[in-house]
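Each of the next two complexes has subunit A plus one more chain, namely subunit B in the first and subunit C in the second.
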Partner chain A sequence: MSGYFGGVIVILSLNVILAYAIFLPVASGQLNLGGAAFQAVGAYTAGFLSTSYDLAVGPSLALSVLAGGLVALFFSFIILRTRSVYLVLATFAFSEFVSGVIVNIDALGGSVGLSVSTHISGTVVLVAAVIAAAIVLLFMQTRLGLATRAIHDDDLVSELMGIGVRWTRVIAFTLGGLLAGLAGGLYAFYFNFVDIQSFDAASSIYLLLFVLLGGTQTFWGPLVGAAFFTIVPELLRSAISAAPALAHALGVTGELDSSWRFIILGALTVAMMIVRPEGAITRIGLSRLQAALFPSRLRKRPA
Partner chain B sequence: MSQRDVILTLQKVSKSFSGLTVLDHLSFEVRAGERVALIGPNGAGKTTVFNVISGAYLADEGAIVLDGQDIVSKPPRARARMGLARSFQNIRLMPHLSVVENVMIGQHSRARGLADLLTPLWLTRNRHWRQEAEERLRSFGLDTYPHVVTSNLPYGVRKKIEVVRALMSHPKVLLLDEPAAGLDPRETHDLQEFLLGVAAQGVTLLVIEHDMSLVRGLCEHTIVLNFGRKIFDGPTSAVHEDPQVLEAYLGPQDAEPARRLAVGGG
Partner chain C sequence: MIVLIVQQLINGVMLGAIYVTVALAFNLTVGILNFLNFTIPSVFMLAAVIAGAAEERGLPFGLSGPLSWSAALGVGLAAGLLASLLVERLTFRYLKTRYGDATEHAIPLVSSLGFLLVFQNLARLFFGTQPHSFTSPIADANLRVSGLIVSAPQLLSLAIALSIVVAVTWILRVTRIGRALRAIAENPDATLLMGVDVKRIVPVVFALAGVLCGVAAAIFAVNYGQVYSGMGDEIGNKAVAGMVLGGLGSIWGAVVGGLIVGVAETLSIQFLGGDSVQAVVWGLLLLALVLRPEGIFGHHAIGKGKL
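Right, the complex of A and B next:
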């Protein structure tokens, strides 16, 4: 897989894995604004192990998944009693803490970053994304996945129904950390360079937007959100370069550069928030779609 | 276990919220298979009783014994696994879950081990969960829209789904908080028949209810609370003749005419 189209597919694949990394905690009612930090843990683990110990891609990736998961497991206990906006702030503060620690470790290249010599093809990233999505899809269809969604709606009633709310939250957050670690490891081997600026607060915000704008209630939401934020900027890039006359007619003077697509993307994002505050894909929306496509499923069944 | 064994005991249970005493050394016993009403004026502490029994709140002092075990310091999920289930005064179904999924949440306390939790529910080994939920819904005439999210459904239907969800844990003791609130007389009558059927299967019922026709039709035994204290504990047929109960509901000066009214009105 190569060229412009291949590059977009790889970015999309990474974004899908990261969207699910954020989706799992969010589905259990935990907003995570520290996604990029967990990705950084995975990326630096893979980069460090392959450069300093010549570890092969497979084991390095496995350990970066593990590292992301362990850091998330540790952190999920700290935030267990934190709710709503304080939880968001705690995850954000944690991601800043992780960046600070990484920059100050000389073995990890400090602010210069790490060059990774081993390269993986885009196909590996794509396959990993498909596997990660399949795992999340299966998880959401288990009783634990059902419990996760129940906790999102009402944690007290979930506990009264016999669900171990704390454990379920810890598991959901940790599974998210494993996926973020995987995305980090893949990033290191695909781009062959890891620096902390690639995992900044803005990236974390985008990851959370993938999920919030795609929809937090179903498996399909993060997929749609990640696809929207990956593909629309690319479409806008070609649209802007293809229509300088239109831009001129709209009163845009001077050189058309790529910054314009982010202005349009921002406007589209705000419009999405107004039109679909619960995200593009909702349970109710899906049941309506189902009713329209398969009316027989909703009819009363004969006894 | 014989029909008359005590299954639930509260011993001198107290609960206060920032200095305000809501339950004041409350003691009562519920026998296995009994249908007991818990009534009292607004603010008497009825829902707080349910909250300390189910573990939503921890009691400040006292003991709560379920089927021979003191559960007063156990977490809510442990109490659910020991056979306690409840419904809520204001409906608390999960709004983003479908009807069947809500009912399946009620089964959670019966799930055992990692295999039950971590295998997809459509596997052959797990299909019985969904089948059981769908059959239960069908037997109560609630199977019209099993895949619709509950926030779209009418009040009366959601109220019934909540009772079905509570039953899915196969509870020994079922706590129902105003199950008839918001139901019309016909629906209330249906609910009464339905709950008598539940009780006939050996489930002990403790019911908070303001609708006295349901209390009389369903519960053989009644406990009356006022200001967190028990003021009556006896057969339902004797409640409306008890002077303390009449005073609690109507005030002291009105007690005598109200008593005549209550007796005269049946």
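Right, the complex of A and C next:
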């Protein structure tokens, strides 16, 4: 798999894994504004192990998944004490802290970054994304997945119904960390270079937004969000770059880089929060769609 | 050595003055409206960058030539005010609870993140990422007191920041609007029933926040002689740290937290090197969140659950 189309597929795959990494904590009512930090942990683990210890791709990836999960497990205990706004701030503080620490470790290349010599093909990333999505789909069918849904809707009532809210939150957050670690490791091996600027606060915000815009009620929301915000900018890319004259007439003096796509995402977020704050894909929406497509199966099977 | 440390403490307090002003803007919206307004760093940046552009190129559409430094700062302030009111219009006004789940408190927050992206990237498109210089005649005046250097604009900034804090406290304590605002913080529904037009009072919070951002931007531009589109991330986010450290919703918490972050920053640059700032400031904040989540002056009610 190569070329322009292959590149888009790889970015899509990475975004899907990351979207699920954010989705799992959010599905249990914990907004995670530090997704990029967990990805950075995975990426640096994979990069460091393969460059310094010549570890093969498989074990490095496994360890980067583990590293992301362990850091998330540790951190999820810290944030158990915090709620709502404090929780968001804690995840934000954590991601700033992690990138601040990584920049100071010379073995990880500091602010220069880390070159990774082993390369993996895009197919590996795609396969990993499919597996990750399948795991999340299965997880959401289990009793635990049901519990996260309940906590997302009302944590107090869930507690009263006998759900271990704390443990469910820890597990969901840790699973998210594992997936973010995986995305990080794949990132390191596919792009062969890791630097801390790729995992800044802005990319955490970006990730959280496309999960929320896709919808956090069902498995399909993050998938739709990630796909929409990967593919639509690519489609628009040619249209925008064909209009430098227009941009110049508007007084744009900066580079016509990726800024405009963030403007679109931002404006869309503001609009969505007014019109449809629960995200594009909802449980009710899905069951209505099902009823419209398969009217004969109506009411025979609960959605 | 002592002189060096004292000098860094002075520098830290001066840097803290900017954090204090921005943190206060944060604290007003979160304390009164329970709304963590993530656009504030970018409103601060926008005010500074627009002031810089007004000094360099003048008003848009050829309305005027390059402006003097004080007029440019005024334009920046007005831009901050307008941007903040726009945020109120589009993020806060329409966002009422319509479905109940554990993350619903985040709807205005998420919307403000969207605005953050819009503001930041608009600035990046129109002004680029390079710093623009901002020249003002008072930038070079220094006072020397027994080996210590205190620059005049720094001293002025600290005075401005502190008098703003006092002014805001006065507004909240004494005036009629202030009383209405404190009532809204306590219970918006009951306030409405007591005959306060909540919808018309709420924009006051945003106007205040916008003005505070504009003032912080002016202080920054004069002190550092430059403005750039990345300063929201760099300065504004540390103001968040100061706010949380001091306590969400507490005015004097914002003051103390902002100053602590400023001093921690200059001291860690001095003793651990420039790269350590981020780890030290945010590590401090994480520690504070674990040990005392409500901050130094905060109390439990705000930011926990639904106000």
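Points to keep in mind about this one:
The definition used in the following text is that the second predicted complex is superposed on the first by the 260 of 303 C-alpha atoms of A that agree within 3 Å, B and C clash if a C-alpha of one lies under 4 Å from a C-alpha of the other, contacts with A are read in each partner's own complex, and residues count from 1 in each chain.
Convention: a residue touches a chain if its C-beta (ideal position, glycine included) is under 8 Å from a C-beta of that chain, and two chains touch if they have at least 3 such contacts.
Please read all numbers here as calculations on a predicted model, not as lab measurements.
Legend: residue contacts after superposition of the two complexes on their common chain; A:123 is shown touching neither subunit B nor subunit C. When the shared chain is aligned, subunit B comes close enough to touch A:143, but subunit C does not.
In the superposed model, A:290 makes contact with subunit B only, not with subunit C. Counting the residues of subunit A touched by each of subunit B and subunit C gives the higher count for C. Of the two partner chains, subunit C is the only one that A:97 touches; subunit B does not reach it. By the touch criterion stated above, A:153 is placed in contact with subunit B and with subunit C alike.
Touch criterion met: A:26 reaches subunit C, while subunit B stays clear of it.
Contacts of A:164 after superposition on the shared chain: subunit B is touched, whereas subunit C is not. Using the contact criterion defined above for the overlaid structures, shared-chain residue A:110 touches subunit C, although it does not reach subunit B.
Subunit A residues 152-154 lie at the interface with subunit B in one structure and with subunit C in the other.
Here subunit A touches subunit B in the complex through residues 138, 141-144, 146-147, 149-150, 152-154, 156-165, 217, 283-284, 287, 290, 297-298, 300-301, 303, going by the rule given at the top. Of all the residues in subunit C, the ones that touch subunit A in their complex are 30, 34, 36, 60, 90-91, 94-95, 98-111, 113-122, 124-129, 229, 233, 237, 240-241, 244, 248, 275-283, 285-286, 289-290, 293, 303-305.
Of all the residues in subunit A, the ones that touch subunit C in their complex are 26, 29, 31, 78, 81-86, 88-90, 92-94, 96-97, 99-101, 103-104, 110-111, 151-155, 200-202, 205-206, 208-209, 212, 216, 247, 251-256, 259-260, 262-263, 265-270, 273-274, 277-278. Those residues of subunit B whose C-beta lies close enough to touch subunit A in the complex are 54-56, 75-77, 80-81, 86, 88, 92, 94-98, 101, 104-106, 108-111, 116-122, 126, 129, 138, 143-145, 147-149, 151-152, 165, 169.
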